[in-house]
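Each chain gets a letter, A, B and C, in the order it is written, and its residues are counted from 1.
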Amino acid sequence: MEEPHEPSLTLKEAPVGEAWLHKRTETKDKAIAFRKFRIRRLHELFIEKFFFLNGLFAILILLGIFSLLFIKGFPAFRELGLKSFLGSSVWNPNAYSTPQYGILSLITSTLMVTFGALVIAVPLGVACAAFISQVASSRVREILKPAVEILAGIPSVVVGFLGIILVNPLIAKLFGISNGLNALNGSILLAIMSLPTIISLSEDALPAVPNTYKEASLALGGNDWQTLIRVLVPSALSGIIASIMLGMGRAIGETMTVLMATGNAPALTFNFLDAIQTMTSTIAIELGEVPYNTTHYYALFVIGLVLFVMTFVVNLVSDVILQKYQQVEK
Amino acid sequence: MRILNVRVWMLVIGVAIGGFALIGPEAQGQNMIQVKGSDSEVNLVQRLAELFMQKSRGVNIAVTGGGSGTGIAALINKQTDIANSSRELSPKEAEAAKAAGVQAFRVVFATDGISVITHPSNPVSKLTVEQIGKIFKGAITNWKEVGGKDSEVSLYGRQSNSGTYVFFREFVVKADYSPHMKSMNGNAQIVEALKRDTGGIGYVAVGYVVNEKGEVMSGVKILNVAKDGQSEAYSPVKMENVMSGKYPISRPLNQYLNGKPSGKLLDFIRFEISKEGQEVVRKEGFFPVQKEWMDFNRKQGL
Amino acid sequence: MKKRLTERLGFLMLYLAGILVLFFLGVILFDIFIKGVGALSWKFLTQPPRMGMTEGGIFPAIMGTFMVSIITVIFAVPLGMFAAIYLNEYAQPGKITRLIRLAIRNLSGVPSIVYGLFGVVLFVQMFRFGTSVVSAGLTLGLLTLPWTITACEEALKTVPKSYREGALALGATKWHSIRTNVLPYAIPGMMTGVILGLSRAAGETAPILFTGAAFFLPHLPKSLFDQFMALPYHLYILATQHHAIEKVRPIAYGTALVLLALILLLNLSAIWVRYRYRQKMRG
């Protein structure tokens, strides 16, 4: 019988007859199958790399934003020096005499209004979270939880709008001053906006505390309230603090609400009944009017950079706290 | 679930296409005039644009605000056809325009008497330019220093992108504004705020506080202003005071273009300074172009 | 005795906290509804503004918000899904994965005005899209991305491991098993996240302030590279920059109501999708 050339078969191994025919096709099939397998593997690899790139995209954006802010803000640093930004509290780039780029008052105003917001939102938010997770009946919970979600969805313009129309005269009447566009107004509005964040995250943290803690306290003779205050809340503390930090980040970065309701006076003041101007408002007010690539334009990016760094740090701290919290639980 | 997805996506895409289809028969980009800038002028120019578009079909005029500074910046960045500006071009802006190859062509189409307003309950009725300047730079902080009640002065002004801000600072305050001045977003916001602020004072374009009959709108009080301690104080509400210069804080309202206009753009400008246009100006609470400025317009071929 | 009293008082405070939060929400919704419903009509929703915005409707703003949202979704959804698939299906625990997660968390905390700054430089200037639907849509897309990724990842997590393992055991490749055994069950959950992210983007003003929103345009955007009107920006202008602020107050309230209604509608549909999805997973 004529044997077709098969380099892999020696005369000795060559099978005979039908069995041989079978084995030959089997090998060819194997080769084809192996090639197919290799292609599939390559295909899979491409797909995996594709998804990997998508994941990497997030890092790219974050780095992109940071570097853009830095690059665009750098000319202002170079021209004016760090001192003129951080050492002065007068922000007046279009001044009558010499332009001033001091951002201290902008920073303090942002911090003031954030602090005010937290003073209102933290006790209220944590208490509400405790209420939802520990005390409320399931029917009440069915109302409150969606309510908090809806509150989270209300746009900042709408809140600012009501700040001008409702809160403004209220504050004016309450404190007997001539108008209510000030830091207090901003704080109240920001508190309303950070409440959902604080409530949802604290709520997640509270029932996460193991039942064993709860039972131990009750076994020792404490009543429900004491259990809550002395055991549950402290052990959920890191989760709660993380939620507060996130709410704080939200307040620092909020633009429209403060733009509409705080009066926008760039003076340095610590009086909550005074009008103030936050960093975010400054950018929102002035970005539209500056011709591109002027010192004023670059200076706005410096403010953006400061904002970015502040929220970055707050987020980082919140992350670290959450990490420790998860470790403790383990 | 897969089916649900497909249906939902089809719905979304269908509505999207429907939406875009509504735009379909629009003309392709020609005859679109973009106007940006002064908040003081925005409502007036919008009104003029609406009437012009009714008369002259096939032209679309988009009017947006943002402040005189924004408008001029847009003109220099070649992002607008007309820059509404309630002040003149600054030397820096003129340089930047030249550097960008933009030839700033100025048209004066109305006159404004910047009005200093307070709450109706405020007993003070007149001030000199110098007193107003001192108040706005923070040298006078209590109303009793100018003959009013013993209460703090609450300042309202515009933001630095506003032509009114710049003009008022240059001609009245002559120094930096007090950092306690609340920067409001536009003339209307100042008026709004003053209606509720018994100790407030602010400056606005006259069109925002005078109605179409030429009367002061309710809710605010317009101060009479005197050039100095020896002169009489005049009200900006009377056209004669503003046109003759007796009212000391008046200014021409401008538009800047890139070079002399032609075509529909020229028609629009001509409409604004025509008798019909100037009547609209009056109705909106402003005043017609002063004679010297009209001569200036004519000399440029308008 | 004292214990009882503190307990009672304590719980009363918690109860009050809950009521207060409900009260805030109630005031907001109630006020906007009462003062805005008077301005609503079919004409209001389908006509453009007239007479310097003191009359007419807000149709171009509704349309503009709609168009921008579509661009946002087209950009943020695929990217978000793919990134989530990577994180949940392929990523090995390690430094890069931690960095990616850190980046996502931080991106969700970046202030919206900073996104606006970024959008102005990148899309408006560098890519030369100018102030347009595209620039604003992409900026909003970036803003929504962290949210979309997180939501999609959550959705993927709820699909039991056994689904994947079953497919793999039968000889499917990893991608194949994801495609046929995981995604179909995760998609409703992903949709919930997408819809919620979309509702957030629809209400944002700061990112679109300088990337394309305009005050008054006499026509709808003719292309994706045109400026557009948008509901939140419209409300902002009506509330702060209009010349007859008192006169347009009802229109401002109407705009706020339409915006709120839109967002509520989106939220409700997301909740409905989630509800149906949970039912299906149970059954």
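We adopt the following convention: a residue touches a chain if its C-beta (ideal position, glycine included) is under 8 Å from a C-beta of that chain, and two chains touch if they have at least 3 such contacts.
Just so you know, these numbers come straight off a predicted model, no measurement behind them.
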Of all the other chains, whose mean CA position lies farthest from subunit C?
-> B
Name the chain pair with more contacting C-beta pairs, choosing from A-B and A-C.
-> A-C
Which chain has its C-alpha centre closest to the mean of all protein C-alpha atoms shown?
-> C
Would you mind pulling out the distance in Å between where the CA atoms of subunit B average out and where those of subunit C do?
-> 35
Subunit A and subunit B: spacing of chain centres that average the CA atoms, whole Å | 39
Hey, how far is the Cα centre of subunit A from the one of subunit C, in Å?
-> 14
For subunit B, residue numbers touching 2 or more other chains are 66, 184-185
Name the residues of subunit C that each touch 2 or more other chains.
-> 240
Can you list the subunit A residues in contact with two or more other chains?
-> 288, 292
Given the complex, residues on subunit A that touch subunit B span 90, 92-97, 105, 168-169, 172, 178-179, 181, 263-269, 274-275, 277, 285-286, 288-292
Once bound in the complex, which stretches of subunit B touch subunit C?
-> 1-2, 4-5, 8, 12, 15-16, 19-20, 22-23, 26, 28-29, 39, 42-43, 46-47, 49-50, 53, 60-66, 79, 184-189, 191-192, 207-208
Enumerate the contact residues on subunit A facing subunit C in the complex.
-> 40, 43-44, 47-48, 50-52, 54-59, 61-62, 64-65, 68-69, 72, 123-124, 127-128, 130-132, 134-136, 140, 143-144, 146-151, 153-162, 164, 166, 192, 195, 199, 223-226, 228-229, 246, 249-250, 252-256, 260, 280, 283-284, 287-288, 292, 300-301, 304, 307-308, 311-312, 314-316, 319
Of all residues in subunit B, those that touch subunit A in their complex | 66-67, 69-70, 73, 76-77, 93, 96, 151-152, 154-155, 159-161, 166, 169-170, 173-176, 178-185, 193, 196-200
Okay, in this complex, where on subunit C does subunit A touch?
-> 3-4, 6-7, 10-11, 13-18, 20-22, 24-25, 27-29, 31-32, 79, 82-83, 85-87, 89-91, 96-97, 99-100, 102-107, 109-118, 120-122, 125, 142, 145-146, 149, 173-175, 196, 199-200, 202-206, 209-210, 232, 235-236, 239-240, 252, 256, 259-260, 263-264, 267, 271
